[in-house]
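Input: structures, listed below.
What follows is subunit A paired twice: with subunit B in the first complex and subunit C in the second.
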Partner chain A sequence: MSNRLTGVIIFLLVLLLILVLLNIALGSVYIPFPEILSTLSGHAIENEGWRNIIIQFRVPKAITAVLVGSGLGISGLLMQTLFRNPLAGPFVLGISSGASLGVAIAILAGMSLGFGLTQMGIGGAWILTVSASLGAILVLGIVVLVSLKVQDSMSLLIIGLMFGSATGAVVTVLQFFSKAESIQAYLVWTFGSLGGVTWQELEVFLPVVLIGLVVSFFMSKTLNALLLGDNYARSLGVDIKRARLMIIIVTAILAGTITAFCGPIAFIGIAIPHITRLIFNTSNHRILFPMVILCGAILMLICDIIAQIPGQQYTLPINAVTSVFGAPLVIMLVMRRKNFSKTFVK
Partner chain B sequence: MDIFIKLVPDTMLLQKKPYNFLLYLTLLLTLSCARDKQQRHVLPEDLPEIQPLTEVRYAKRFNISYFEEYKLIKVNNPWPGSSDTLTYLVSQNQQVLDAFGNNKGVKVIQQPLSNIVCFSTTHLPYLEFILEEDKLSGFPTTDYIYSESILERVRSGGIKDLGPSNEINLESLLALAPDLVFAFSMGNELSMIQKIELSGIPVVLNADYLEDHPLGRAKWIKFMAAFFDKDLMADSIFTAIEKAYLETKRRMDKIQIRPTIFTGVVYGDAWFMPGGNHYGTQFFRDAGGDYVWADDASESILQLSFEVVYQKAGSADYWVGTATYNSLTDIEQADSRYRDFKAYRTGNVYNYSARVNEKGGNAYFELGYARPDIILKDLAKILHPEEMEEHQFYFYKKLY
Partner chain C sequence: MSGPGNHISIELRGLTIGYRKGNLELKILQNLNASLHKGELVCLVGENGVGKSTLLRTLSGVQPPLSGEVRIKNRPLGEISTQEMAKMISLVLTDRIFAGNLSVRELVALGRHPYTNWLGNLTKEDHNKINWAMEITGTQTLEDQLISELSDGQFQKTLIARALAQDSEMIILDEPTAHLDVVNKIVILKLLKDLATETGRSILMATHELELGIQIADSLWMAYKHAEMITGTPEDLILDGAFSKMVDHDTIHFDDLHGRFEVVSDTSRLCTLSGEKSLYYLTKNALKRKGWNVTNKETDVSITAEKLEKGNQWHIRTKEKEKQAGTIREMLEILNNV
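This part shows the complex of A and B:
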């Protein structure tokens, strides 16, 4: 690793640390910075309410933001490489559509099908998490089966998109026959939420995302080969089908878990890999992986700080911020670099 | 019955039509609704338009004026952000109807009504109270209905389900050929309403849900009744409800200790909390409670972050209204941080789900507008059980 790269990584790590602190320090309720620091360093502070807000709300939310940003960034990178398509993102294989279908069935059809799930509380975090995971696994299972049959990745991409449309249609039909409050509950889920993840849920969320990130790390050599074409990769001794399956499973674990816990977070998954490639001007996955993880976490923390509108008692839906903030950033970077396609495959 | 004179809000003075200055003074019901059709005040020829006889107290969005052969029923600002006034003329006299039929500003409705459609469950209790529920022939999403007698007619086919309320089945509605549709608008259903009107079915917009006083919403029984010429009946029903409400309020006003109270749950990252001047807030105040957001000046619903609510309501005594959560376990499973609220720890959590049928129809959402006196008694019993021993919970229940 070159010195320059080490320097950049250190810079990004410091930036990440500062943003984590800022993310915890800024919120709707004003808490003086020294109080934040003493709480985080384990000291007792006078105001028990502040301590609870920091420990129970802000720290888990900051951890969630970091996991979501890096997890979705990596899933997006994996999909863009697998399909050699800059428009691919973590959800192209229908993972978020599958998760949405699961949630839609739980919320919208829950009552009429007599499951009584809604009676147990529309916001019941685990119900939504489990239904989203089941939906994602279902769609993913089909995609994996299909991936074993079809030869090229492009067919898989189209099939994934078709699944997305089909599940979207089912969700629309469910919505049509649902009551207003159920539709509202479903819509709220689609807005995405980082603040709903508690420590209890982090016990599951954190290890799963970490495992996904670590596994993906070991695939960088394969991914570099895949970027140059299936035939080239094959000549380098890559088992294409196995590689494809691994990529799909890792993406599903990352994107599926994140969607299950936080809802379908828009844009980050597509934008982060591009932003990273454009900034570092490389398509080498050994470099891209740590950079995507860092940039993803950093961007997500910034988006969350904006969504909190520090000092106001109101909040914005996180999805609105990621898209509004992310789109101009990508446009700006693409405009600045005329040879955009060259950053993709080098 | 006491007669009172009340100044109307300034906004009404700004209305365009010149005769509206008469709205300035609004007289009491004794003179107005109390009149039977035959005994109605005959207007002098030089005052052909309006003799406003409905008081404006509580309800700000409608008024009724009485004439020899007809009534004019006006709805002001019928949907959020609207500055329109809709004028409905109801009459049995064909000549009057024909004479006004060409007037663009007036929507003409022929009485008697024998076949109507309602779009909101809040309209149903008004119909039942004035004994006109048998006129109902269609309703969207009948699953929302709680009233057993109306549901019985849905099951026997007397009332047709018109499909989801956000996408009314227009053909089914037209097939029923109702004399009148009682609809409501949040501002984005107007194209659908226009379509119904174009097919020749008159639509009346009910704006009860926009009134910011509990009695203001209940008062819309008089609006509904006017179309059926049951003004007198509606007036005595409303007066009884008003009396019961004010009686409870007076009792609670005397109590010095006012427990703190908050409401709602977090959806995604937002906690929807009624502003300090919201309809729901008035109940908490009148029930002898100290609402945590009472200082807030807004009439709408605030969208707060969880931590703000945690900070401000964490130590409140009562948590009333928990949406879809109907047990302490539900609440805790949804988000373990709810456990830190004092109201949760002390078990002072209540929800408006005491009467819900198997399809999800909730009495609170249906009957609540028409019977604010019962809601107030329930809330008073929650906050001051020792004062309300004789009252049995109706809409609310304690969560365990």
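This part shows the complex of A and C:
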């Protein structure tokens, strides 16, 4: 590893730490920074309300932001390499559409049956998570079956897109027959949210995402071989079908879990791998993996800080912020690099 | 290690290749018998669509044969695992690569994939092999360049270096000279020839460079659309008329003596020609293009090419008059009016 790379990693780690602290420090309620530090270091502070806000809300939210950014970044990278397509992202296989369908059924169909989630309080959040997971798992199962049938990855990509459209259509039909309030409840879910994940949920969320990240790092050698295309990869001893299956499952677990807990977070998954490749100008997955994890976490924390609009009562939908803030960043990086398209194909 | 067949890298026995769709068999090439010997360079030639790529895919184990047998190092292809194959055969394909921002060194290093641990860590031996592969292909000065910045010739050399780093006895190449200019074509073919001779690699290459192939290949595999594949030393194949068989056009003729295809002119007028060697050949070429055949018999037109201090000169004698030309173009213009 070169010195420059080590330097960049240290810089990003420091930046990450600062952003985590900033993310916890800023919010709708003003809490003095020293109080935050002493709470985080385990000391008691006078204001029990502040302590509650920090421990019960802000810390889980910061952890969630880190997990979402890195998890979606990695699954986007996996999909872009598998499909050799710069437009691929974590959701091309229809994972988020499946989750949306599950949630739509829970909210829209559930309400018309008379048990609105809003009346169910805490339990309602779990129902959303479970139904999103079920939807994602359903789509994952179908995609895996299809992937065993089709020969080339490109067909799989098209089929995934078709799944997305079909499930989207079902959601539309459900909306058509639903009341305005339940449609709004569903819409709010599609905006995405980092703030809803509790410590209890983190007990599931954190290990699943970590396992996904570790497994994907183990695949970096295979992914590098896949850069050369299926034929070369096979000639290097890669079992293409098995590799494809592993990539799909890991992506689905990462993207599916994140969508289940936080809603369909757009843009990050496609943008982070590009941003990382543009900054480090490499396609080597052994370098890209740690960098995507760091950059994903950093960008997500920044977006969340912006979404909070420090000092205000409002919270912007995180999906809007990721695109509004992220799109100009990607455009800037693409414009700065000449022959951008050449970074993908030779 | 000794024993019959050990010097044979790849052997085809009654091999039929093609595609299977349900119960239907689409046969592309039938009853192929050939062998690639250790340290030999073999060119697989044949017109577009004859099935060269299908044959290469079958030999590299991507596509199952319809019938017959492929033996790699005297073992049936079907019994060799993908991982084992990776250490026996490396490929150079025309596939596009989805990573313009890989460096030359990183691309070559991917050839070590079958030998590295689960993380892909390179050992000292791996680095030695990578360095050797780049050195022998003349790509070591490019090692930090990104492959998107390479010329077609440099890129092809890098792909060959990657195949060498894979440390396999056999290398299979699909049209490695496809987009190259003449000089780079020769450089690549010379490189492959040297690799076969000096490193004992067995090289099978599908190519359209028939004329260069005749010059450098130890053996040619000639595939035809409606006939059996013929294999042999280029000169033997010329003597057997295998090349004339390749073209059934009236307008193309295979020149046995020079081992090349020539365009047959429609009209044929006769002239005599004399002159210094290189001038003689160039003049003859130009005459041929314009429908003049050079003969030894007495004719109405005779041409003498001379190398003078002030430049070249051509004397054109006809029955009526004698004219001089300073360039071949002028000479042809004079002949046009004869």
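To be clear about the criterion, the second predicted complex is superposed on the first by the 331 of 346 C-alpha atoms of A that agree within 3 Å, B and C clash if a C-alpha of one lies under 4 Å from a C-alpha of the other, contacts with A are read in each partner's own complex, and residues count from 1 in each chain.
Rule of thumb we're sticking to: a residue touches a chain if its C-beta (ideal position, glycine included) is under 8 Å from a C-beta of that chain, and two chains touch if they have at least 3 such contacts.
As the structure is a prediction and not an experimental result, all values here were calculated from the model.
**Student:** Sharing subunit A, do subunit B and subunit C clash or fit in the superposition?
**Tutor:** On the shared subunit A, the partners fit.
**Student:** Applying the document's definition of touch, where does A:V150 land relative to subunit B and subunit C: first, second, both, or neither?
**Tutor:** Neither partner.
**Student:** Tell me which partner A:V173 touches in the superposition: subunit B (first), subunit C (second), both or neither.
**Tutor:** It touches nothing on subunit B or subunit C.
**Student:** Report for A:Y232: first if it touches subunit B alone, second if subunit C alone, otherwise both or neither.
**Tutor:** In the superposed model, A:Y232 contacts subunit C only, not subunit B.
**Student:** In the superposed arrangement, does A:I331 touch subunit B (first), subunit C (second), both or neither?
**Tutor:** Neither partner.
**Student:** Counting residues of subunit A in contact, which comes out ahead: subunit B or subunit C?
**Tutor:** Between subunit B and subunit C, the winner on subunit A residue contacts is B.
**Student:** Taking the superposition as given, does A:L17 touch the first partner, subunit B, the second, subunit C, both, or neither?
**Tutor:** neither
**Student:** Angle at the Cα centre of subunit A spanned by the Cα centres of subunit C and subunit B: state it in steps of 10 degrees.
**Tutor:** Taking the centre of subunit A as apex, the angle works out to 140 degrees.
**Student:** If you take every C-alpha pair with one atom in subunit B and one in subunit C, what is the shortest distance in Å after superposing?
**Tutor:** Here the least C-alpha separation of subunit B and subunit C stands at 39 Å.
**Student:** Name, in rising order, each residue of subunit A that touches subunit B in their complex.
**Tutor:** It comes out as residues 27-29, 49, 52-53, 56-58, 111, 118-126, 176-181, 183-185, 188-189, 191-196, 198-200, 263, 307-308, 313-315, 317-318.
**Student:** Could you pull out which subunit A residues touch subunit C in their complex?
**Tutor:** 81, 84, 218, 220-221, 224-225, 227-229, 231-232, 234-239, 277, 281-284, 286, 339, 342-346
**Student:** Could you please specify the touching residues of subunit B with respect to subunit A in the complex?
**Tutor:** Those in contact with subunit A are residues 141, 143-144, 164-167, 265-270, 302-308, 310-311, 314, 323-326, 330-331, 333-337, 340, 360.
**Student:** Would you pull the subunit C residues touching subunit A in the complex into a rising list?
**Tutor:** 60, 62, 82-83, 85-87, 89-91, 93, 95-103, 106, 110-111, 113-114, 116, 118-120, 146-148, 150, 155, 166
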